[in-house]
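After this come two complexes, each holding chain A, first together with chain B and then together with chain C.
Right, the complex of A and B next:
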C-alpha cells in the first residue's frame, strides 16, 4: 500500500451507540455527547473540502445510516447564516438519533424484552466497512481515500458477537482502515473494542468525565481522532497499557500461557481431554509436539472427563482475552 | 480447458468471419469458438438519455466481475496446513504469453498468494521448491513466517531459468519435506508449471503411488495446456488441475488454494496441539533469538523465556508454536462460512443496498425473468445487497451485516 500524502482526502465513518439504557448508566448524557460529536464532525468536514463522512447509529435492535440520508427524506430548510453542509449534517444526524431513540422507547413500552446494555456493534462495523469499500471502489485510481472509523461506545461487550467482531477487525486491518474507539461508559473497558483499536492501529480512548466535566470528550476527540493517516505518522498517539493477548481456556476460563488447542476447531484447553467439548472430536491419545520431527509423546489414556457440550458452546463465544 | 469456457451468447456482436473452416470448430453463431470471446466493444457502447456513456461502461465492468460461488457447508477443514509450493523455473517460463513473462507473472502471483495464504491460515506452514535443469531445489523449508518465503523469491539467483523441469524430483523433495508434518495437519502440494514436459530420472507412476500412500494432495495451475500425466497426478491425489487463460484467471485459480480444503475422512485424525501464548516484552531493547537483533518489541516464550520478535512463529529455542488468541480467531471464518447470496429480481424489503446504502441502479424489472439485475439476497436474513457488497462480504468481511 502506498504512503499517505498530505493532500489525500479522508473518509470518516462515525458509529454512534444510541442504546438508551447504556447512556443512562454513563456519567455523560447522550445530549451532551451528541453536541460534542457534532462539533467534532463539523471540524472534520472543515479540515478539507474533499473529506467524506458517513454517520451510522446502532442500538441493540437495528443499525441505521443517518448520513448520507435517504433521498426521499424531507428537505431541510436553508439558513444563510450557517454553512450549508454543516446545517445538513447537523439536522440529519440529530433528527435520525431522535427517531431511533423514540422508536426504541416505543417498542420498549409494548415489548416485554428485558433491557440489556448491549449494542449491535459487529453489524455497525460490518456496515461501516461496506460503506468504506463502496467509496474506495468508486473513487478514481489517482486519488487514494484513507478511511477510518470512530466508534462512540457506551454499551458493554456482547460475548456472542466475538467471532463476527473479530472478522470485521481483520477485514479492517486488511483494508488499512483505522478504528478509533471512544468509550464513554465509566464502568468497564471493552475488551473487544480494545483489540479492534490495537490490531488496526487506532486509538482506544476512555473519556475521563471526572475531570473537566462533560467537555472532555470533545477535547479528546479533537486531539486524537481528528488527525488523518498522514498526520498520525508524525504524532505520538496516547499510549494505552499493552493488551495481553493471552487466551482464556474454554474449560475453566483460566488464562493460559501454554495451552492445548483442538486441531479441528481451535478451541483452547488448559489440560488434556479425550474429547473436544466444542466440536465433539475424539482425540488420538497423544499430544502433537511442537517440534513435529520429534516422535509423538505418549499420554496415559486414563482420562475420564465427560464432555459438556452446552457449556462449551457458550464458552466458544466468550473466548475473551483479558 | 478445465474452467471458464464462455457460454455462447445470443447476441450478434462478434467479428464476422468470411472464410469457411471445418464445421466442428464453429461456435454457436458461425465464428470460431476461440473468437467468441472478442466482441466489438465499440458497438456495445451507446449513449444513455443524458448523453453519458458512464453507465454502459460500468455495466461492462460489472460483467467482468464474477461472483465466486463457494461451498458453504460447515464441513471439517484442515485448518492447520502444510503446503509445498513448486515453481517451474525451466526455460519454458521465459515465454511472453503472460505479461511480461511467464516467470515474472508467476512470481507476482505467488508473492500475492503467500501473503493471502498466511493471512487466511495464520497457523499453517509453507515451503517453496523450484525445479530447473532436471533438478529440484528447496528454496525455503517449512516455515510459518511469510518473510522467509518472500525473501527467497526476491533473491535474484532464484529467477534464473534453465533447462527442463523435473516434476518427479520436485514431488519427491516435497514428499520428503512433508514427511515431518504431523498427521493432524494437511499435506498439500501446489504447483505452478509452464512446461509441457517433465524430465524425470525414474517412473513418475511410482511417485504417484507414494504420494497417495502418504496422503499428499497435489494441485496444479498450468500456464499452457493440459498434460495427461500432470492431470492424472492431481486427480488421483484428490487435488485439482487447472489451465490458466490469462493473468487474472491465473490469480483466481491459484487463489482457490488459499482457503483450507475439506478433510478426507480416511485420515482425519485430531490431536491436541500444545501452543504457547506469549506475553509482549517491553522496556529495554534485548536481542531476539530469531534474528539476533536488538529490539524493543518482542514476545517471551512461556516455556523457555527466550524472546522472538513476531507472532505467529515457532520458538527457535524450544520449538513451541507461539500464537496469540486473535490468530486463532482469524481461522474461525473457515469453520463457519457465510452462505452464498441468491441473485433476485423484483421488489425487495430494502430500498437500498443493506450494506453500503447505495440506491439500486435500475428500478426492479418484473416483466423479464431475473430482471432487476444486481440484487443479491442473503438466504438467512433476507436482506438485499449490491454486487460490490456481495463480493466484499464473501471475500473480505466474512460477515453478513444482517445476520450478525
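Right, the complex of A and C next:
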C-alpha cells in the first residue's frame, strides 16, 4: 500500500452504539456523550474540506445509517447561528438517534431475552466496511482516500458473534482501515474490541468516568482519534495496556501454560479426562516412550477413525503453550 | 639389550633419541631403545601402552618417528599421562632410512589395528592410491582408522569420520566408538558443542546425563555416517595445469579414470583391450590425452591431436553407434501412440519423417552434443536408480499406461467417504474463555425488573435534548485528563524504544555467566521433568533425587553471579538487581521443579 500523504483526504465512519439498556447502566449519559461526539465530528470535518463522514447507529435490532441520510427526511430548519455544513450533519445525527432510541424504548419495556445489553457490533462493522469499500472504489485513482472507523461502545461483547467480528477485523486489516474504540461504560474491557484495535493498528480508549462524569471523552477523542493516517505515524497514542492473549482451559476458565488438547475439536483442558466434553470423543491413551524421547515433543496423538460412526476414538495430545 | 622372558627381537636400527645415539629394537612385546653401550633400555614402550605414531614427511631431510605412549602408571583411559619419544635415523642414505623406519611403522600399525578391530589388516590397504601422490608413510598415521574402515568393508575412498554402524548408543559406560561419535556430533554442531563445553566441562552436569536425553542426536549421526556418497555427477573436465617448462600436466586418479570410462564406454573397451599387454597404463593415458578423440570435444579446432590408432577406432565406433538408426528398443514402445496421425497433426513437416531433428551438421559440435546427452542420461539413471530398466519387462507396465490414459477419474461414480460426524455441543465455549465476565447474568434479571418498574426514569435517562448550537457547557478537568494521557503515552514510548537491552550496559562476562546459569538450570530441569512425568520406579526416584541435589549447585552459581554483578563496575547503577531479575525465571523454575519433586516423593512415601 502506498504511503499516506499529508494532503490525502480521510473517510471517518463513526459507529454509535445506541443500545438503550447499556446506556442506562453507564455513568455517562447518552446526552452528554452525544454532545461531545458532535463536537468531535465537527472538528474532524473542519480539518480538511475533502474529509468525508459516515455515521452509523447500531443496537440489538438494527443498524441504521444516520448520515448521509435518506432522501425522504424532513427538511431541517435553518439556523444562522450555526455553520451550515455542521448544522446539517448535527441535526441529522441527532434526529436519527432520537428516533432510534424512542423505537427501542417502546419495545424495551416488554422485557426481552437475556442478551439485552449487547449490540451486534459485527453487523455494524460489516456495513461500515462495505461503505468504505464503495467509497474507495468510487474515488479517483489520483487521490487515495484513507479510511478509519471510530466505535463508541457502551455495551458488552456477545460471544456468539465472535467469528463474524474477527472476520470483519481481519477484513479491515487487509483493507488498511484503522479501528479506534472508545469504550464508555466502565464495567469491563471488551476483549473483542481490544483485539480489533490491536490488529488493525488503532487505539483502544477507556473513558475516565470517575472524575467529573465523563466530559473528558471529548478531550481524549481529540487527542488520539482526530489524527489521520499520515499523522498517526509520528504520534504515540496513549492506548491501554497490551491484551492478554493466553489460552484458558475450557473446564475452569483458568489460564494454562501446559495443557491437553483434544485432537478432534482442539479444545484445551488443564487435566486428563477420558472423554472430551466438547465433542464427546473418547480418548485412547498411549504412554510416551521413556528411552529416546526428547522431552519437548509436540503432538503425540492422532485421530483414528473406525468404520462405525458411533465409536470414534481419538488421542489426547500434550501441548506446551508458552 | 637384555630381553624379557619370551621376548624375541624383530627389528633393530641405529637411531638417535634425545640427541644420543643408540639402538632401537622392536620386539614382540615392546619397542625399546638403548643407548650405545648400555644393556638396559632407556626408553621402553610396551605394546599395550602404545597410542599414536607419527612420521616426518616424505621429503623431509630428517627421517623421524615419533611415538606417543601412555605412562605405565596412568589409567587406560587417562589421556593426560602420556609421554612422547622421537627417534631419528641418521643414515646417509635417506631411502634406506625410510625403508628401515617403514618396518617399525608397519609393526606399530598392526598393533593399532589389532587393538581397535580385533582383525588383521594390511597397513596400507586403507590408504588412498594416488599415483604421484603421498606414499604410505604419511598415510600410516591414519592407518588405525583406515584399517578400521577397511575391515568394515569400505573399499576405495575412506570417509572422514569413520563408521559408527555398530555403535550401541546409550551403553554405560560409553564405549570408545560412542565417545568418538560424541566428539563427532559436538564438532559438527556448534551450538551443542558450546552447551556441552559450558555444562559438562565445567562440571555442572555429568557427561552421561547430558547424553542420556540426547540419544536421538547420536543415533542420527551414527546413521548419517553410514551413508555413502555416490559418484559425483558433475561435468568431467580434465583441465591441464601448466608447469614452468610449458608442458601440460593432466592428473588422472582412479576416480577420474572411472568417470572417464563411464562417460566414454569406447574408451573403456579400448583400455580393456590394450592395457596392460599392449601398452602400459601411463602410455594409454598419455595417448588418450593427446588424441584427437579427446581434444575434439574440448576445443573448437578439431585437428589438434595427432593420429592415433586406438582412439581413432573409438571415434569410428562412436560414429557407427549413432548412425545406426535401427537402434530403437522395441520394448520401450508406447502402445498408445497414434499411428494414424494425419497431415493435420503436424502442419510444417507433413507426414514425412521428421528431418528437423537431425543431429548437427557441423561435426565439431556433434561430439560435444553427444557427450552432453550421454552425461545427462547417466545422471538421470543414477537418480532413478535404473528402476525403469528393471520394470520394463512384462505387460503390467503397458497395462498400467493404458489404464491411466483411458480411465478418467471424473467419470467414476463418487465413493462415499468414511466419515464420522463432528458434534460440538457448545460452540460458545471457544469464546467464553475470553470474556472473563462471570457475573453476567446477575444484573440482567435485576435490570429487567428495574426497567419494568421504572420506565419513566429510563426514558429520562435516555432523553436527548441539547441545542446543537450550544453543545457541551463544560469540559471537565482538562489538566487532569491531559496529564493521564500524556503519562500513558510516555510510558508506551519508553516501552517501545529500541536498544533497551543495550542501554543496560551489562558487561560481557556477566552476560555469559547469566547464559550459563540459564543453560545449566534448563538442562537439569529437562531431566527432572522427563523423569517426573513417567510412572515412578525406584531408580527413577534416585535419579530424580540426584538431579534435585544438583539444583543446589546451580542455585549457588546463580547467587555467585548476582554477587559478582553487585561488585562489578559498570555504567549503569544497580546492576545486581538487574541481573537478579534476569535470573528470576530460572530460579522460579528450579523452585517449581523442586516442589513438584517433593510433592511426588511425599506421595510415594505415603503409599
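To be clear about the criterion, the second predicted complex is superposed on the first by the 236 of 322 C-alpha atoms of A that agree within 3 Å, B and C clash if a C-alpha of one lies under 4 Å from a C-alpha of the other, contacts with A are read in each partner's own complex, and residues count from 1 in each chain.
Assume contacts are C-beta pairs under 8 Å (C-beta built on N, C-alpha and C of every residue); 3 or more make two chains touch, one makes a residue touch a chain.
The structure presented is a predicted model; accordingly, all values stated were derived computationally and were not measured.
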Pick one for A:146: touches chain B only (first), chain C only (second), both, or neither. neither
Taking the superposition as given, does A:199 touch the first partner, chain B, the second, chain C, both, or neither? first
Which partner does A:284 contact after superposing on A: first (chain B), second (chain C), both, neither? first
Applying the touch criterion given at the start, work out whether A:265 contacts chain B, chain C, both or neither, answering first, second, both or neither. both
With both complexes superposed on chain A, which partner does A:44 reach: first (chain B), second (chain C), both or neither? neither
Give one of first, second, both or neither to describe whether A:67 is in contact with chain B, with chain C, with both, or with none. neither
Footprint overlap on chain A, comparing chain B with chain C: 162, 247, 264-265, 288, 290-294
Taking the complex as given, what residues does chain A use to touch chain B? 63, 65, 68, 70-71, 120, 122-123, 126-127, 129-131, 133-134, 137, 161-164, 166-171, 174-175, 195, 199, 242, 244-247, 256-266, 268-269, 272-273, 276, 281-284, 286-294, 296, 319, 321
Chain C - residues contacting chain A, complex: 170, 213-216, 219, 418-426, 428-438, 440-441, 443-444, 447-448, 451-452, 455, 458-459, 461-466, 468-469, 471-472, 474-478, 480-482, 484-489, 492-493, 496, 526, 529-530, 533-534
Where on chain B is chain A touching in the complex? 76, 79-80, 119, 180-182, 184-185, 269-280, 282, 302-303, 314-315, 318-321, 324-326, 328-333, 335-336, 351-359, 388-389, 392-393, 396-402, 404
Provide the residue numbers of chain A that touch chain C in the complex, in ascending order. 20-21, 23-25, 29-32, 34-36, 38-39, 79, 81-82, 87, 90-91, 94, 97-98, 101, 105, 108-109, 111, 114, 116-117, 156-157, 159-160, 162, 188, 191-192, 208, 211-216, 218-220, 223-224, 236-240, 247-250, 253, 264-265, 267, 277-280, 288, 290-295, 305, 307, 309, 312
